[in-house]
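The two complexes that follow have subunit A in common; it is paired with subunit B in the first and with subunit C in the second.
The block that comes next holds the complex of A and B.
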């Protein structure tokens, strides 16, 4: 959402957190493998990956619950990687919220401030301020079990913001909420974080959540940070097969490079009868193996043959998933490959005009323009 | 027809079961108000045996002694047992953990005679070689009771610690409290109910123990079970009935209060939870 605004100003922004070649191995298993990353001041950064990819370990390394096997973590130029969690100017919101069950909301929030030996009157002011921020003013004297899931999350957020940390860590922030509440809280949390202006690193396995909330996204796989960029960059210009397949769905054509010119390239794909045509030159030698990824919504489905001689194929509709706003067509090509095409349901469709619509077992053509394919080398 | 027969059967099983458990206790209480000095012959209502009981200095001393030892043993067992449980749950995998875990729970299944005898041998040989403990008495009973009560406390605290969400402690660390402070301000208050339960269990076990105490006690350290047991051997006195009735009254009123408090808390919690749910739905 706010990604387009903030990404343009990256060049003038100050780097707040530097992760330099950090690794963590647990008894010979590398959970985090030589990760280097700069986080800019005031941005919301999401670490995205499947479970077990090392994203949570990286977050715990930042918080100080784990000590890195190699590398350093610098916050404002100061190396924190060997400091215990209670001496780091960063706070974390836990997936389970970890609200202290024997303390009231007020005491929970005041806990961190008390550790700093802040005078009582200032603690009270600060508690009131953050409760106001998350709109929980009336709940100061409740115990955590007297709150609903969404309210507990607000209190947890208030508690982690109370100490005005330099860096806020969010561990699966929406993990414990139901879907309806989730979309509402995503936007609300982003608003609160932007109001406070705190730098934030979050961990999530939900790509929609990462793309909604974060300015930049880092995709992790097997302990390695495979791509970092704005949500749009990561989706439209994935740099590897892994990222392309993890973020959204994709049609992947394996092939070999046939011809490479300054402004175009041709790739022979085994699954297609015609060649793939890319509207820009690529860096490669003829005959090399590569892959072309095309997103389903970029594929055009028609009954009539398209005018172009490349980036097209003939097939039979094998399956249709009607999702309301759009439908996903699964089209089987002659080579046996199944292509997914997402078609927006722009016009209102009625059951009666069945004949005009493309349906099961229809012979159709799929095609896409020469700007839609992304060439992947790895 | 069939179901009525079944209902009758289950009722009779229930009544028989409860009767088996409680009729002896009821009879005991009734006979504690017996006028006669013969325990089995009813000759009229009287509370004189309660008076006799309180005048019996030896019996009263034994009661006091038992309470004192139970209190000390339970307190020591809670400290040591919680430490053992913390090491088992929080210190990860260490060399000999398996051995440590099984050895700490071994006293649960060890026959009391063996525990008592081995402790007696230990105390006697210690006395011979280093001159401590000097003879047997309150100290040795205390050590012996702490030893076996600790195992029970460990089991109770261990299960509570395993349920405890570790991120609570991490959150406190993250908010700036050091490990020691986290233990006292977060961990301890949350596991407090388990500590209380472990303490009560240890207290009861110590109060109840006859076998181990008989082995390791010395002159002037007769506990209540020992006193009762030896007086019964000389013929049952109605005083013992009176004492038992008093103990039952104390225990059952404790149990009732605990039940009432727990039920009240649970009801309050449910009311609160419904309130929170309603507010969320309105929002």
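The block that comes next holds the complex of A and C.
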């Protein structure tokens, strides 16, 4: 679905991992439902979804901890879906890091290399190399419990990179870190992965994390991969109500298609007095039910009525959430629908200029341009 | 920090309880036994001499080492000690070989069946120890359950001579002390983070290798605890060799009993007991040192 709009670099990239119609059945419950996905060499791919959506099961299928009920997993054209985990050229960084508590950092990293019967001198070199990569050179003889959470994560990353895997799997990589450290480590891990050039599939429930780190994002829901695309595509062009609502917040207008032309479409929305106007033609028959999603930051709030006759509404400010960089206005329309509008706090707001600001109980107009709405059929 | 170390009466009381217990029920009896071991046997009430006495206005203090010299000179005791340690060692080994797989399997079971199996492990100890050993007599004797059954099946023609041999002692000790091996190992294995084994597999280790490199070292403290719980009481075991054993299963517990009740030589029996305790101090110290190291390893445990 997104191949036509994928970034151009993907077309020259080689497909490294092919997931073909993979399903996983747990006692009659489909945790992963017929998922097909191509991962390109060198890309960072994030599986994003709420807990229980099947993203972790899919990752465990890749690692070999679960055997698929149907479908195949091909790495460089080779089917490994029935191979045990210890025979797969991929390594995983666990959410809990799963560092061996009785071994030093050095021994933890050397563990995988020893399984490959690598000569001792080369193991030492390789351990030093990956420790350098994650900037943990001075910690080779520490035990995991002597390290902070962030340091443990670096060691876990070093251990999973030591065997130069063809594919790196990250399970909720930032799950155990506090927010401040999380933001720093996200970028740092991306830098390390790019330096190594390893293909990476990560699992996360944090959309910000997925969008920061990944080249492409796959949104999962109920075991189904509902949308795949770059973070921008997934955010700006969601293909379903579910994706639109899961990634970021959204104002969803349910309605019916009134008129459909080549370059525009008009939709009658139940919650609005005026029609919705979309600046492009859509594929649909008149009278069909659909939804239009508009992101809060694309909505303009003003005291004066806007010039346009469509994509607007009148309402009362019911709530304001001041978030520092921006504020979220909750505006109640006459129909009872509440519209969320994000307004950037461009000017420094002081208590003294309270009167000029739009505030609680104010009558306001909301409006948005005809390019902002996304038409959703499902 | 000052607050933490400041004296708090309630806290001291709580800590004092086990110390008082140990003082009255371990240290004081041991001091008495130690004292008797330096006395001389006599036909009187009590059957031993005082260490301190006033003889002809002279305060005499006599420390009698005969009992210890006897232990050294009669090789019966030496054989008794060595045999006890040998039987205890191999019983511990058999318990470990049997108990580890059992503990491992129980720890890997779903919670429901796990509790049933743990119950089954503990259940026999609800019956008297003595009665259970008597039951083994019924099983192992020449015309007992085991021999009758094997003869009925036609596996053997002549009954096996198990009763009153060291084989019977081994069977008895392993049977009686197996739960003490299983429970600490189980408690250890059930806490084992399964993702560590997944990580080992992910890094290329085959199942047996991740067992040797991850599971086994991480359950070592359970193995040591279980081994100590079996080894220490097994060395001094009296009932099992007395009831199931024969002349070849000479154990120090039996010698001690004979010295005390048959020969009525309290000082000699006390000396036997003191030396046995000294023999056991070594493994106990090692055990505690290991435990301390283990705690250091996991500060949050």
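By definition in this document, the second predicted complex is superposed on the first by the 370 of 378 C-alpha atoms of A that agree within 3 Å, B and C clash if a C-alpha of one lies under 4 Å from a C-alpha of the other, contacts with A are read in each partner's own complex, and residues count from 1 in each chain.
Here is the rule we go by: a residue touches a chain if its C-beta (ideal position, glycine included) is under 8 Å from a C-beta of that chain, and two chains touch if they have at least 3 such contacts.
Only a predicted model underlies this, so the values are computations on that prediction, with no experimental measurement involved.
Superposition note: with subunit A as the common reference, subunit B and subunit C are in steric clash.
With both complexes superposed, B is the one of subunit B and subunit C in contact with more subunit A residues.
Of the two partner chains, subunit B and subunit C are each touched by A:100.
When both complexes are overlaid on chain A, the residue A:159 reaches subunit B and subunit C alike. By the touch criterion defined above, A:265 lies against neither subunit B nor subunit C after alignment on the C-alpha atoms of chain A.
In the superposition on chain A, contact of A:244 is made with neither subunit B nor subunit C.
Residue overlap on subunit A between the subunit B contacts of one complex and the subunit C contacts of the other covers 63-65, 84-87, 91-92, 94, 96, 98, 100-102, 111-112, 115-116, 143, 145, 159, 163. Residue ranges on subunit B touching subunit A, taken from their complex, read 165, 167-168, 170-178, 181, 186, 189-190, 269, 272-273, 275-277, 279-280, 283.
Those residues of subunit A that touch subunit C in the shared complex are 63-65, 84-87, 91-92, 94, 96, 98-102, 111-112, 115-116, 143, 145, 159-160, 163. Across the complex, subunit C meets subunit A through its residues 193, 195-196, 198-206, 209, 213-214, 217-218, 297-300. Of all the residues in subunit A, the ones that touch subunit B in their complex are 63-65, 84-88, 90-92, 94-96, 98, 100-102, 111-112, 115-116, 142-143, 145-151, 159, 163.
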